[in-house]
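Read through the structure below, which is laid out as C-alpha coordinates, and then see the notes.
We call the chains A, B and C, going by the order they appear; numbering starts again at 1 in every chain.
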Amino acid sequence: MIEERIKQLGYVIPETPAPLAAYIPCIREGNLVFTAGQLPIVDGKLQYSGKVGAEISTETGMKAAELCLLNCLSVIKSLIDNLDNIEKIIKLTVFVNSADYFTAQPKVANGASELLVNIFGEAGKHVRSAVGVSELPLNAPIEIEMIAKVK
Amino acid sequence: MIEERIKQLGYVIPETPAPLAAYIPCIREGNLVFTAGQLPIVDGKLQYSGKVGAEISTETGMKAAELCLLNCLSVIKSLIDNLDNIEKIIKLTVFVNSADYFTAQPKVANGASELLVNIFGEAGKHVRSAVGVSELPLNAPIEIEMIAKVK
Amino acid sequence: MIEERIKQLGYVIPETPAPLAAYIPCIREGNLVFTAGQLPIVDGKLQYSGKVGAEISTETGMKAAELCLLNCLSVIKSLIDNLDNIEKIIKLTVFVNSADYFTAQPKVANGASELLVNIFGEAGKHVRSAVGVSELPLNAPIEIEMIAKVK
(Lines give C-alpha, C1' and ligand atoms only; values in the text may rest on other atoms or scores of the structure.)
Protein backbone atom coordinates (compact mmCIF):
# COMPACT_ATOMS: atom_id res chain seq x y z
CA MET A 1 0.00 0.00 0.00
CA ILE A 2 2.74 2.43 0.94
CA GLU A 3 4.63 1.56 -2.22
CA GLU A 4 1.50 2.13 -4.29
CA ARG A 5 1.08 5.47 -2.61
CA ILE A 6 4.67 6.35 -3.50
CA LYS A 7 3.99 5.46 -7.14
CA GLN A 8 0.75 7.47 -7.15
CA LEU A 9 2.74 10.48 -5.99
CA GLY A 10 4.98 9.99 -9.01
CA TYR A 11 8.03 8.69 -7.20
CA VAL A 12 10.12 5.54 -7.46
CA ILE A 13 12.02 3.85 -4.67
CA PRO A 14 15.61 3.64 -5.96
CA GLU A 15 17.69 0.50 -5.84
CA THR A 16 19.18 0.25 -2.38
CA PRO A 17 22.42 2.22 -2.61
CA ALA A 18 25.57 0.42 -1.53
CA PRO A 19 27.26 2.07 1.43
CA LEU A 20 30.19 4.24 0.37
CA ALA A 21 32.33 2.49 2.92
CA ALA A 22 32.64 0.00 5.74
CA TYR A 23 29.21 0.18 7.27
CA ILE A 24 25.70 -1.16 6.73
CA PRO A 25 22.81 0.87 5.32
CA CYS A 26 20.19 0.09 7.95
CA ILE A 27 20.00 -1.56 11.36
CA ARG A 28 17.14 -2.65 13.58
CA GLU A 29 17.16 -2.45 17.34
CA GLY A 30 13.91 -3.42 19.01
CA ASN A 31 11.15 -1.70 17.05
CA LEU A 32 13.37 1.08 15.81
CA VAL A 33 15.29 1.15 12.55
CA PHE A 34 18.17 3.53 12.02
CA THR A 35 19.41 4.34 8.53
CA ALA A 36 22.90 5.38 7.54
CA GLY A 37 23.15 8.86 6.08
CA GLN A 38 21.72 8.76 2.56
CA LEU A 39 22.80 10.82 -0.43
CA PRO A 40 20.79 11.65 -3.58
CA ILE A 41 22.08 8.62 -5.43
CA VAL A 42 20.22 6.61 -8.09
CA ASP A 43 21.71 3.50 -9.68
CA GLY A 44 25.03 4.22 -8.06
CA LYS A 45 25.25 7.75 -9.45
CA LEU A 46 25.02 10.97 -7.52
CA GLN A 47 22.15 12.89 -9.16
CA TYR A 48 23.00 16.32 -7.80
CA SER A 49 26.34 17.82 -6.87
CA GLY A 50 27.41 21.06 -5.23
CA LYS A 51 26.34 23.48 -2.53
CA VAL A 52 22.79 24.66 -2.04
CA GLY A 53 22.76 28.41 -2.50
CA ALA A 54 25.51 28.20 -5.13
CA GLU A 55 25.49 25.47 -7.81
CA ILE A 56 22.20 24.08 -6.47
CA SER A 57 19.06 26.20 -6.05
CA THR A 58 16.73 25.83 -3.11
CA GLU A 59 14.17 24.13 -5.35
CA THR A 60 16.73 21.68 -6.73
CA GLY A 61 17.91 21.08 -3.19
CA MET A 62 14.37 20.08 -2.29
CA LYS A 63 14.39 17.53 -5.13
CA ALA A 64 17.71 16.19 -3.85
CA ALA A 65 16.21 15.93 -0.37
CA GLU A 66 13.34 13.89 -1.80
CA LEU A 67 15.84 11.48 -3.31
CA CYS A 68 17.75 11.14 -0.04
CA LEU A 69 14.45 10.35 1.64
CA LEU A 70 13.52 7.74 -0.95
CA ASN A 71 16.90 6.13 -0.34
CA CYS A 72 16.18 6.08 3.39
CA LEU A 73 12.98 4.19 2.56
CA SER A 74 14.90 1.95 0.17
CA VAL A 75 17.41 0.85 2.80
CA ILE A 76 14.63 0.30 5.33
CA LYS A 77 12.79 -1.80 2.75
CA SER A 78 15.95 -3.86 2.22
CA LEU A 79 15.80 -4.71 5.92
CA ILE A 80 12.09 -5.17 6.62
CA ASP A 81 10.91 -6.21 3.13
CA ASN A 82 7.66 -4.24 3.12
CA LEU A 83 7.29 -0.54 3.82
CA ASP A 84 3.81 -1.23 5.17
CA ASN A 85 5.63 -2.51 8.22
CA ILE A 86 6.68 1.04 9.07
CA GLU A 87 4.51 2.10 11.98
CA LYS A 88 5.67 5.70 12.12
CA ILE A 89 8.55 7.97 11.26
CA ILE A 90 10.40 9.29 14.31
CA LYS A 91 13.18 11.60 13.19
CA LEU A 92 15.11 13.02 10.27
CA THR A 93 18.48 14.69 10.49
CA VAL A 94 19.10 16.76 7.38
CA PHE A 95 22.60 17.98 6.59
CA VAL A 96 22.58 20.63 3.86
CA ASN A 97 25.86 21.36 2.05
CA SER A 98 25.42 25.11 2.23
CA ALA A 99 26.98 27.99 0.36
CA ASP A 100 28.09 30.93 2.48
CA TYR A 101 25.11 32.93 3.74
CA PHE A 102 22.59 30.26 2.70
CA THR A 103 20.19 29.90 5.62
CA ALA A 104 17.09 28.27 4.09
CA GLN A 105 17.99 24.77 5.28
CA PRO A 106 14.43 24.26 6.61
CA LYS A 107 12.94 24.90 3.17
CA VAL A 108 15.35 22.46 1.54
CA ALA A 109 14.64 19.84 4.18
CA ASN A 110 10.92 20.26 3.52
CA GLY A 111 11.49 18.37 0.29
CA ALA A 112 11.94 15.31 2.47
CA SER A 113 9.51 16.17 5.26
CA GLU A 114 6.58 16.99 3.01
CA LEU A 115 7.09 13.87 0.94
CA LEU A 116 7.08 11.79 4.12
CA VAL A 117 3.76 13.23 5.18
CA ASN A 118 2.37 12.79 1.66
CA ILE A 119 3.36 9.14 1.75
CA PHE A 120 2.52 8.16 5.31
CA GLY A 121 -0.06 10.74 6.42
CA GLU A 122 -0.18 11.19 10.21
CA ALA A 123 2.34 8.38 10.66
CA GLY A 124 4.81 10.40 8.61
CA LYS A 125 4.96 13.32 11.04
CA HIS A 126 8.43 13.44 12.54
CA VAL A 127 10.86 15.61 14.43
CA ARG A 128 13.72 17.05 12.49
CA SER A 129 16.97 18.92 12.71
CA ALA A 130 18.24 20.72 9.63
CA VAL A 131 21.72 22.21 9.68
CA GLY A 132 24.11 23.69 7.16
CA VAL A 133 27.43 21.92 6.79
CA SER A 134 30.52 22.96 4.88
CA GLU A 135 31.18 19.74 2.96
CA LEU A 136 29.46 16.42 2.28
CA PRO A 137 30.65 13.11 0.82
CA LEU A 138 31.14 13.24 -2.98
CA ASN A 139 30.14 16.92 -2.83
CA ALA A 140 26.49 15.87 -2.45
CA PRO A 141 24.15 18.78 -1.68
CA ILE A 142 22.20 16.86 1.00
CA GLU A 143 22.64 13.94 3.38
CA ILE A 144 19.69 12.60 5.39
CA GLU A 145 19.46 9.96 8.11
CA MET A 146 16.20 8.60 9.49
CA ILE A 147 14.87 6.82 12.56
CA ALA A 148 11.55 4.99 12.10
CA LYS A 149 9.43 2.66 14.19
CA VAL A 150 8.47 -0.64 12.62
CA LYS A 151 5.73 -3.11 13.50
CA MET B 1 8.40 21.69 40.79
CA ILE B 2 10.72 21.75 37.80
CA GLU B 3 8.96 24.81 36.46
CA GLU B 4 9.31 26.53 39.83
CA ARG B 5 12.98 25.67 39.80
CA ILE B 6 13.31 27.23 36.34
CA LYS B 7 11.65 30.41 37.63
CA GLN B 8 13.88 30.48 40.71
CA LEU B 9 16.88 30.35 38.42
CA GLY B 10 15.50 33.44 36.68
CA TYR B 11 14.39 31.80 33.46
CA VAL B 12 11.09 31.55 31.63
CA ILE B 13 9.93 28.71 29.42
CA PRO B 14 9.10 30.39 26.10
CA GLU B 15 5.90 29.79 24.20
CA THR B 16 6.32 26.59 22.22
CA PRO B 17 7.87 27.73 18.95
CA ALA B 18 6.09 26.68 15.78
CA PRO B 19 8.23 24.46 13.59
CA LEU B 20 9.81 26.41 10.74
CA ALA B 21 8.51 23.82 8.33
CA ALA B 22 6.71 20.54 7.74
CA TYR B 23 7.57 18.65 10.87
CA ILE B 24 6.48 18.38 14.49
CA PRO B 25 8.37 19.84 17.44
CA CYS B 26 8.48 16.76 19.67
CA ILE B 27 7.70 13.06 19.43
CA ARG B 28 7.43 10.29 21.99
CA GLU B 29 8.49 6.73 21.39
CA GLY B 30 8.24 4.45 24.39
CA ASN B 31 9.69 6.38 27.30
CA LEU B 32 11.90 8.54 25.14
CA VAL B 33 11.02 11.94 23.74
CA PHE B 34 12.94 13.42 20.83
CA THR B 35 12.80 17.14 20.09
CA ALA B 36 13.25 18.80 16.74
CA GLY B 37 16.26 21.10 16.52
CA GLN B 38 15.46 24.26 18.48
CA LEU B 39 16.67 27.79 17.75
CA PRO B 40 16.94 30.74 20.17
CA ILE B 41 13.44 31.95 19.35
CA VAL B 42 11.05 33.76 21.72
CA ASP B 43 7.53 34.73 20.65
CA GLY B 44 8.30 33.80 17.09
CA LYS B 45 11.37 36.02 16.89
CA LEU B 46 14.95 34.92 16.65
CA GLN B 47 16.71 36.58 19.61
CA TYR B 48 20.27 36.23 18.34
CA SER B 49 21.61 36.15 14.82
CA GLY B 50 25.03 35.51 13.33
CA LYS B 51 28.10 33.37 13.83
CA VAL B 52 29.68 32.72 17.20
CA GLY B 53 33.22 34.07 17.07
CA ALA B 54 32.15 36.89 14.76
CA GLU B 55 28.88 38.81 15.37
CA ILE B 56 28.15 36.74 18.48
CA SER B 57 30.59 36.44 21.40
CA THR B 58 31.14 33.19 23.27
CA GLU B 59 29.21 34.61 26.22
CA THR B 60 26.27 35.67 24.06
CA GLY B 61 26.41 32.28 22.39
CA MET B 62 25.98 30.70 25.82
CA LYS B 63 22.85 32.80 26.38
CA ALA B 64 21.55 31.70 22.98
CA ALA B 65 22.24 28.08 23.93
CA GLU B 66 20.21 28.57 27.10
CA LEU B 67 17.29 29.77 25.00
CA CYS B 68 17.54 26.80 22.65
CA LEU B 69 17.49 24.55 25.69
CA LEU B 70 14.44 26.28 27.16
CA ASN B 71 12.72 25.76 23.82
CA CYS B 72 13.59 22.05 23.96
CA LEU B 73 11.87 21.97 27.35
CA SER B 74 8.97 23.99 25.95
CA VAL B 75 8.29 21.52 23.14
CA ILE B 76 8.60 18.58 25.53
CA LYS B 77 6.14 20.30 27.86
CA SER B 78 3.74 20.72 24.95
CA LEU B 79 3.78 16.95 24.57
CA ILE B 80 3.85 15.67 28.17
CA ASP B 81 2.12 18.63 29.90
CA ASN B 82 4.32 18.68 32.98
CA LEU B 83 8.11 18.85 33.04
CA ASP B 84 8.05 16.93 36.32
CA ASN B 85 7.37 13.93 34.12
CA ILE B 86 10.91 14.11 32.76
CA GLU B 87 12.82 11.29 34.41
CA LYS B 88 16.21 12.19 33.03
CA ILE B 89 17.94 13.95 30.19
CA ILE B 90 19.77 11.60 27.82
CA LYS B 91 21.49 13.61 25.12
CA LEU B 92 22.01 17.01 23.58
CA THR B 93 23.35 17.66 20.11
CA VAL B 94 24.58 21.24 19.86
CA PHE B 95 25.26 22.77 16.46
CA VAL B 96 27.18 26.03 16.74
CA ASN B 97 27.17 28.38 13.74
CA SER B 98 30.88 29.07 13.93
CA ALA B 99 33.09 31.78 12.49
CA ASP B 100 36.34 30.61 10.90
CA TYR B 101 38.83 29.51 13.55
CA PHE B 102 36.23 29.49 16.34
CA THR B 103 36.78 26.29 18.30
CA ALA B 104 35.16 26.94 21.68
CA GLN B 105 31.97 25.06 20.82
CA PRO B 106 32.10 23.19 24.17
CA LYS B 107 32.05 26.45 26.11
CA VAL B 108 29.10 27.74 24.12
CA ALA B 109 27.24 24.46 24.57
CA ASN B 110 27.84 24.70 28.33
CA GLY B 111 25.21 27.41 28.36
CA ALA B 112 22.70 24.63 27.75
CA SER B 113 24.42 21.85 29.68
CA GLU B 114 24.95 23.82 32.87
CA LEU B 115 21.41 25.12 32.86
CA LEU B 116 20.13 21.54 32.50
CA VAL B 117 22.09 20.44 35.54
CA ASN B 118 20.97 23.52 37.47
CA ILE B 119 17.36 22.68 36.68
CA PHE B 120 17.33 18.90 37.02
CA GLY B 121 20.32 18.13 39.25
CA GLU B 122 21.63 14.58 38.79
CA ALA B 123 18.79 13.80 36.38
CA GLY B 124 20.03 16.59 34.13
CA LYS B 125 23.42 15.00 33.46
CA HIS B 126 23.56 14.05 29.80
CA VAL B 127 25.88 13.08 26.98
CA ARG B 128 26.55 15.69 24.38
CA SER B 129 28.11 16.36 21.03
CA ALA B 130 29.01 19.93 20.12
CA VAL B 131 30.14 20.71 16.60
CA GLY B 132 30.77 23.82 14.56
CA VAL B 133 28.66 24.19 11.43
CA SER B 134 28.95 26.69 8.63
CA GLU B 135 25.32 27.84 8.44
CA LEU B 136 22.12 27.46 10.44
CA PRO B 137 18.46 28.20 9.68
CA LEU B 138 17.64 31.93 9.77
CA ASN B 139 21.34 32.55 10.52
CA ALA B 140 20.74 31.45 14.10
CA PRO B 141 23.95 31.11 16.15
CA ILE B 142 22.89 27.81 17.77
CA GLU B 143 20.59 24.87 17.16
CA ILE B 144 20.03 22.21 19.84
CA GLU B 145 18.15 18.92 19.79
CA MET B 146 17.44 16.83 22.88
CA ILE B 147 16.56 13.27 23.83
CA ALA B 148 14.99 12.80 27.26
CA LYS B 149 13.41 9.95 29.18
CA VAL B 150 9.94 10.53 30.56
CA LYS B 151 8.00 8.73 33.27
CA MET C 1 38.14 -11.07 25.09
CA ILE C 2 37.28 -7.88 23.23
CA GLU C 3 40.08 -6.08 25.02
CA GLU C 4 42.50 -8.84 24.06
CA ARG C 5 41.33 -8.54 20.49
CA ILE C 6 42.01 -4.79 20.60
CA LYS C 7 45.53 -5.48 21.87
CA GLN C 8 46.11 -8.12 19.19
CA LEU C 9 45.18 -5.53 16.59
CA GLY C 10 47.89 -3.31 18.04
CA TYR C 11 45.65 -0.77 19.72
CA VAL C 12 45.30 0.50 23.26
CA ILE C 13 42.14 1.77 24.90
CA PRO C 14 43.06 5.25 26.12
CA GLU C 15 42.33 6.51 29.60
CA THR C 16 38.73 7.69 29.67
CA PRO C 17 38.93 11.31 28.56
CA ALA C 18 37.35 13.85 30.86
CA PRO C 19 34.48 15.72 29.21
CA LEU C 20 35.56 19.14 27.99
CA ALA C 21 32.60 20.64 29.77
CA ALA C 22 29.46 20.17 31.82
CA TYR C 23 28.29 16.81 30.60
CA ILE C 24 28.97 13.12 31.14
CA PRO C 25 30.89 10.90 28.73
CA CYS C 26 28.42 8.02 28.46
CA ILE C 27 24.86 7.24 29.49
CA ARG C 28 22.80 4.08 29.54
CA GLU C 29 19.10 3.93 28.78
CA GLY C 30 17.63 0.45 28.69
CA ASN C 31 20.02 -1.69 26.71
CA LEU C 32 21.43 1.22 24.74
CA VAL C 33 24.48 3.27 25.62
CA PHE C 34 25.05 6.68 24.09
CA THR C 35 28.50 8.28 24.13
CA ALA C 36 29.27 11.96 24.09
CA GLY C 37 31.16 13.14 21.03
CA GLN C 38 34.75 11.93 21.33
CA LEU C 39 37.89 13.66 20.06
CA PRO C 40 41.30 12.09 19.27
CA ILE C 41 42.60 12.71 22.77
CA VAL C 42 45.11 10.56 24.68
CA ASP C 43 46.12 11.33 28.26
CA GLY C 44 44.32 14.63 28.08
CA LYS C 45 46.16 15.79 24.97
CA LEU C 46 44.71 16.23 21.52
CA GLN C 47 46.85 14.03 19.26
CA TYR C 48 45.88 15.62 15.94
CA SER C 49 44.85 19.17 15.15
CA GLY C 50 43.56 20.89 12.03
CA LYS C 51 41.33 20.32 9.06
CA VAL C 52 41.34 17.13 7.02
CA GLY C 53 42.29 18.05 3.49
CA ALA C 54 44.60 20.81 4.72
CA GLU C 55 46.89 20.26 7.75
CA ILE C 56 45.67 16.67 8.12
CA SER C 57 45.85 14.13 5.28
CA THR C 58 43.11 11.61 4.64
CA GLU C 59 45.34 8.84 6.03
CA THR C 60 46.13 10.80 9.18
CA GLY C 61 42.43 11.59 9.50
CA MET C 62 41.74 7.85 9.50
CA LYS C 63 44.20 7.42 12.38
CA ALA C 64 42.46 10.24 14.24
CA ALA C 65 39.11 8.52 13.61
CA GLU C 66 40.52 5.33 15.12
CA LEU C 67 41.46 7.25 18.24
CA CYS C 68 38.00 8.82 18.52
CA LEU C 69 36.55 5.34 18.24
CA LEU C 70 38.85 3.95 20.93
CA ASN C 71 37.73 6.79 23.17
CA CYS C 72 34.09 5.87 22.48
CA LEU C 73 34.96 2.36 23.69
CA SER C 74 36.85 3.81 26.65
CA VAL C 75 33.88 5.81 27.88
CA ILE C 76 31.56 2.84 27.38
CA LYS C 77 33.98 0.70 29.37
CA SER C 78 33.95 3.28 32.16
CA LEU C 79 30.19 2.73 32.38
CA ILE C 80 29.78 -1.02 31.86
CA ASP C 81 33.21 -2.21 33.12
CA ASN C 82 33.77 -4.86 30.47
CA LEU C 83 33.62 -4.36 26.72
CA ASP C 84 32.52 -7.99 26.37
CA ASN C 85 29.15 -6.69 27.55
CA ILE C 86 28.70 -4.87 24.25
CA GLU C 87 26.16 -6.88 22.28
CA LYS C 88 26.41 -4.90 19.09
CA ILE C 89 27.29 -1.51 17.71
CA ILE C 90 24.29 0.43 16.40
CA LYS C 91 25.45 3.74 14.99
CA LEU C 92 28.35 6.13 14.52
CA THR C 93 28.03 9.79 13.68
CA VAL C 94 31.32 11.08 12.31
CA PHE C 95 31.94 14.80 12.06
CA VAL C 96 34.99 15.59 9.94
CA ASN C 97 36.57 19.05 10.28
CA SER C 98 36.93 19.53 6.54
CA ALA C 99 39.02 21.86 4.43
CA ASP C 100 37.22 23.53 1.53
CA TYR C 101 36.53 21.06 -1.26
CA PHE C 102 37.42 18.03 0.86
CA THR C 103 34.72 15.44 0.21
CA ALA C 104 36.30 12.13 1.27
CA GLN C 105 34.58 12.08 4.67
CA PRO C 106 33.54 8.42 4.12
CA LYS C 107 37.15 7.33 3.69
CA VAL C 108 38.20 9.17 6.83
CA ALA C 109 35.30 7.69 8.79
CA ASN C 110 36.36 4.23 7.63
CA GLY C 111 39.25 4.52 10.06
CA ALA C 112 36.65 4.08 12.78
CA SER C 113 34.23 1.78 10.95
CA GLU C 114 36.84 -0.74 9.83
CA LEU C 115 38.41 -0.88 13.26
CA LEU C 116 35.01 -1.58 14.78
CA VAL C 117 34.45 -4.51 12.45
CA ASN C 118 37.99 -5.76 13.09
CA ILE C 119 37.32 -5.70 16.80
CA PHE C 120 33.75 -6.95 17.01
CA GLY C 121 33.24 -8.86 13.76
CA GLU C 122 29.58 -9.12 12.73
CA ALA C 123 28.52 -7.39 15.95
CA GLY C 124 30.56 -4.38 14.90
CA LYS C 125 28.56 -3.66 11.76
CA HIS C 126 26.78 -0.38 12.23
CA VAL C 127 24.99 2.41 10.42
CA ARG C 128 26.83 5.64 10.00
CA SER C 129 26.55 9.24 8.93
CA ALA C 130 29.71 11.09 7.96
CA VAL C 131 29.53 14.82 7.34
CA GLY C 132 32.00 17.63 6.85
CA VAL C 133 31.82 20.43 9.38
CA SER C 134 33.56 23.78 9.40
CA GLU C 135 34.96 23.76 12.93
CA LEU C 136 35.35 21.32 15.82
CA PRO C 137 36.23 21.75 19.50
CA LEU C 138 39.97 22.47 20.07
CA ASN C 139 40.39 22.39 16.27
CA ALA C 140 40.21 18.58 16.37
CA PRO C 141 40.05 16.97 12.93
CA ILE C 142 37.34 14.47 13.92
CA GLU C 143 34.57 14.03 16.45
CA ILE C 144 32.67 10.74 16.74
CA GLU C 145 29.66 9.72 18.80
CA MET C 146 28.42 6.15 19.15
CA ILE C 147 25.27 4.25 20.08
CA ALA C 148 25.78 0.63 21.13
CA LYS C 149 23.60 -2.11 22.55
CA VAL C 150 24.79 -3.76 25.74
CA LYS C 151 23.86 -7.04 27.37
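Throughout what follows, a residue touches a chain if its C-beta (ideal position, glycine included) is under 8 Å from a C-beta of that chain, and two chains touch if they have at least 3 such contacts.
Because the structure is a prediction, the values reported are computed rather than measured.
Colleague: Give a one-word verdict, same or different, on whether chain B and chain C use largely identical residue numbers at their interface, taking over half shared as same.
Modeller: The interface is built from different residue numbers on each side, given that under half of them are used by both copies.
Colleague: Given a C-alpha superposition of chain A onto chain B, how large is the rotation in degrees, taken in steps of 5?
Modeller: 120
Colleague: Using the average of all C-alpha atoms in each chain as its centre, how far is it in Å between chain B and chain C?
Modeller: Chain centroid spacing, chain B to chain C, equals 25 Å.
Colleague: When you check chain A against every other chain, which residues touch at least two of them?
Modeller: Counting only residues that touch two or more other chains, chain A contributes 133-134.
Colleague: Quick one: in the complex, what on chain B touches chain A?
Modeller: 19-27, 29, 34-37, 93, 95, 133-139, 143, 145
Colleague: Give every residue of chain A touching chain B within the complex, in rising order.
Modeller: By the definition above, chain A touches chain B via 32, 90-92, 96, 98, 100-107, 109-110, 113-114, 117, 125-134, 147, 149.
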